[in-house]
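Dropping a structure here in structure tokens format, bear with me for questions.
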Amino acid sequence: MVGRRRPGWLWVAAVGVYAFLYLPLAIVVILSFNDSLLNAEWVGFTTRWYVMLFEDRALLGAAANSLFIALVSATGATLLGTMAGLAMQRCRSGLLRGLPVLVFAPVAMPEILLGVSLLLFFRQVLDLTLGLLSILIAHVTFSIGFVAIVVRTSLAAMDESLFEAARDLGASAWQTFRHVTLPLIAPSVVAGFLMSFALSIDDFVITFFVAGVGVTTLPLQIYSMIKVAVSPEVNAVSTLLMALTLTLITVASRLAPAALRLRM
Amino acid sequence: MTDDQANRRPAGMAPRPGQWLVALPPTAFLLVFFAGPVLLLFAASFLAPGDFGGLAPVRQEGRWALTLDAYGFFFSDWIYAEIFLRSFVVAALTTVLCLVLGYPLALAIAQSPRRRRELLILLVVLPFASNFLIRTYAWIIVLGPMDLLYSPVAVIVGLVYVHLPFMILPLCINLEKHDPALLEAAQDLGAGVWTRFVRITLPLSMPGIRAGSALVFIPVLGMFAVPELLGGTRDILIGNLIKEQFLDNRDWPLGSTLSVLLTVAVLLLVGIAAWAGRPRESIS
Amino acid sequence: MSGVRLALLAVLLAAVVLPAVAEDVLYLYIWNTYLSDETVHRFEAECRCRLNQDFYSDNEEMLAKLEAGAVGYDLLVPTGNAVETLLRRNALRPLDKARLPNLGNVRAEFRDPWYDPGMRYSVPYATSVTLLGYNATRLAELGLPTDTWALIFEPRHLEKLKGKVTVLNSQRELMAAAMKYLGYSVQETDPARWDQAKRLILRAKPYWATFSNSTYIKDLAIGNIWVAHGYSSDMYRAQLDARDAKRPFVIDFRTPKEGAVLAVDSFVLHRSGGRPDLAHQFINFMLDGRNAGDVSNLIGAGNPNAAATPYIRPEIAANPGIFPSEAESRRLEMLRDFDPQTRRLLSRMWTEIKVR
């Protein structure tokens, strides 16, 4: 398969990088079946760590929390982000010219800064008890930008004359939105939802700062497991999560191919 | 990227009331939960720490209790500046390594047949889709028996591993847009593989390199979990320092000061990068 | 439309999640690996409620998280000096002794701690000594002593242990160990002596692998590190883990002859907790001799409970790392809070230690 413009060494390098990407994770997967508490060497095959997982209430609870938080925050972020995307595309005058800065800054800044700012705000201004609400607000905040980017990109690629035609035919703003704009941007709204869902499920840094009593999320739970536990349960949960993301990505790539490319 | 398309719209379309309705909720939300907190962070850096944590009251005995103490503390001591400097070096090294590893792969992907490209990119995204803690944990397992755990090497390896896809994907997006005719023309003119790469591919891919570098460099600066899990006794980054002030030392003003200075540093860098890469008819 | 389906999914999910929220839950914020699963199951069966545990690995971490607004915990398990801080903060709820019939089980010498005379706010749960855990097999091969802080502070020993030592990522504990080695009190206020401790630490630091508050448990058991500065109960766990995994070496732990820090960790009720009733029930449950015995048998911690004695396995009762001898006890000291000036001094030294 070595083409004219594709020197062999390029593929050697590429395969090397793929190996770098996959070998460590392969080891995690293999050791999840290792019948040794310490995972220091291969002892024998077992599935008991997986059985243990399903009896680990703290972990299951964290997974349920994560799922719930992701669903709710992704819904919120999709609503607000879609609005922001529409607003950025449509209104480019006056005060709203500053909107893109407001939307993109949370995406661009190091996560820890958003985490500590929100912590300060919750504690000093709202005097909010850290917990479910603080996590939900934080997740919506960092996801809005991603949804807005996707929606705006798809709007920008559309033919403006469609909307004009609708208006010329006497459609109200709402009718134009409902029957022309919305169906057209629907795939990118779905992509935005999936993205914020994934971001929320995955977030560790910001959640670490704003989490409170009794609402441990999956990444937080994994973090404390990595720091303390000796058990290959961590490998088992990692393997399961990898399998799950693999499935989700496969499904998503069928449903909304745009989501994958835009994850960046 | 999309601006030029958007700008084709006829000018002078003022927002109508309905559009304000659309713009208001996200704007209000972000003003309250993003702009507000960031301003508060800035303000907090000028306050004193509370007796037990948090911030001391802004008004004490009828006077504004603003202070430059935290900044004084930072600048009176070479130690904090040293951590900043070290973090920037670590971030730069991580970025360069990501580039060195990512570029060949991105090039290989971009030059493969279109149908296979999607799959190859998916193969880059897949490990990236599992949580970065799991990816860090993988290196704890790999490096432990190699006697490399708890070393600067481990931290760099971990950081590169966690951020590599951020470099590869923008590079791919850029590289696959290159017109093969250019390279063919150069070849016809007798340019060798290396010359073609240095004179055509590399300059054309600068926007991708810049985007990838920003996506790696900036997050690394705020990282605390990777040094904490993989690093040794000297491997702390700005992120660790900030986290420690908020969730250990209870010195919020100092933590805020460190955060403000990090923001300033990041903005300066982004500014410099934007200036260096100001539009000169580039592919993006 | 997919939106409808998603909404349905959300409702379904809420239906799954909400019942879990509605039951009786006791929120406990406790040191990691400080309460055995067996004990938890027994308590949950008895109270027909759920025990939700969150973990910390340093008192400072716990205090900071509470200050940040993570409130709502019914019970905390701070060490003496942190109880002092919480009391000054007015963050604790007084105990209702009528609800603690088992309180009489507390050993006499634990009833009047300096931070809370008469146990008005706190009930001692367990004690631990901050000491050295080590890979006995390795150290014997290397011919190194195991009963002195010199093991982690003296370059002549450390040369054989380079990269195989971890120390606690805790300003108070590490500085205290250095002070003990230098023959000073951990309550010292003379800056010059603290400076001496800092220099001792900086000299030894290049030989250490990392600062660690919890990972040393598994690193000792796997064999990645050979000496760890840490809590006796954690060392006990590492010892058991290594034995269970049939590692080709033995983990042991010992209080250095120069003396060490003794921690008495107590149950206290945080004011923000919503279920003081369950919290009292839990404390009383843990004061019962059999359950208190678990603390030593399963966790490897020292025991302030007299009724636990008959339940404690003889080999554990005889372990001087868990139950220090009379003579050793005299060399143990508890940490106390410092005045703000000393605190700032130590905090500044700590940053220097972390960076240099």
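Every chain is named by a letter (A, B and C) in the order it is written, and numbering of its residues begins at 1.
Note that a residue touches a chain if its C-beta (ideal position, glycine included) is under 8 Å from a C-beta of that chain, and two chains touch if they have at least 3 such contacts.
Owing to the predicted nature of the structure, the values given are computational and were not obtained by experimental measurement.
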> Taking touching chains as linked, do they make an open path (line), a single closed cycle (ring), a hub with spokes (star), an all-linked set (complete), or other?
Replying inline: complete
> Which chain pair racks up the highest number of C-beta contacts?
Replying inline: A-B
> Of the other chains, whose C-alpha centre is the longest way from the centre of subunit A?
Replying inline: C
> Counting in whole Å, what is the centre-to-centre distance of subunit A and subunit C, each centre being its mean C-alpha position?
Replying inline: 36
> Any idea how many Å lie between the Cα centroids of subunit A and subunit B?
Replying inline: 17
>> Going by the contact rule already set, what residues in subunit B reach two or more other chains?
In response: 54, 145, 229, 246-247
> Which residue numbers or ranges of subunit C touch two or more of the other chains?
Replying inline: 68, 215, 222
>> Two-or-more-chain contact residues of subunit A, please, as numbers and ranges.
In response: 39-40, 119, 123, 209, 227
> subunit C touches which residues of subunit A in the complex?
Replying inline: 36-40, 58, 61, 64-65, 67-68, 71-72, 75, 119, 122-123, 127-131, 134, 190, 193, 209, 211-214, 216, 224, 227-230
>> Going by the contact rule set out above, which residues of subunit B touch subunit C in the complex?
In response: 50, 52-54, 77, 79-80, 82-83, 144-145, 147, 149-151, 229, 231-234, 236, 246-251
> Of all residues in subunit C, which touch subunit A in the complex?
Replying inline: 2, 6, 9-10, 13-14, 16-17, 20, 25, 27, 29, 32-33, 52-55, 57, 68-73, 214-215, 217-218, 221-223, 241-242, 244-245, 247, 272
> Which residues of subunit A touch subunit B in their complex?
Replying inline: 3, 5-7, 10-11, 13-14, 17-18, 20-25, 27-28, 31, 39-40, 79-81, 83-84, 86-87, 89-94, 96, 99, 102-103, 105-106, 108-114, 116-121, 123-125, 137-138, 140-141, 144, 148, 152-153, 156-157, 160, 173-174, 198, 202, 204-205, 209, 218-219, 222-223, 226-227, 234-235, 238, 241-242, 245-246, 249, 253, 260-261, 263-264
> Where on subunit B does subunit A make contact in their complex?
Replying inline: 1-2, 5-6, 8-9, 13-16, 18-20, 22-23, 25-27, 29-31, 33-38, 40-41, 44, 54-55, 101-102, 104-105, 107-109, 111-112, 121-127, 129-142, 145, 161, 164, 166, 169-170, 173, 180, 183, 187, 193, 215, 218-219, 221-225, 229, 239, 242-243, 246-247, 252, 255-256, 259, 262-263, 266, 270
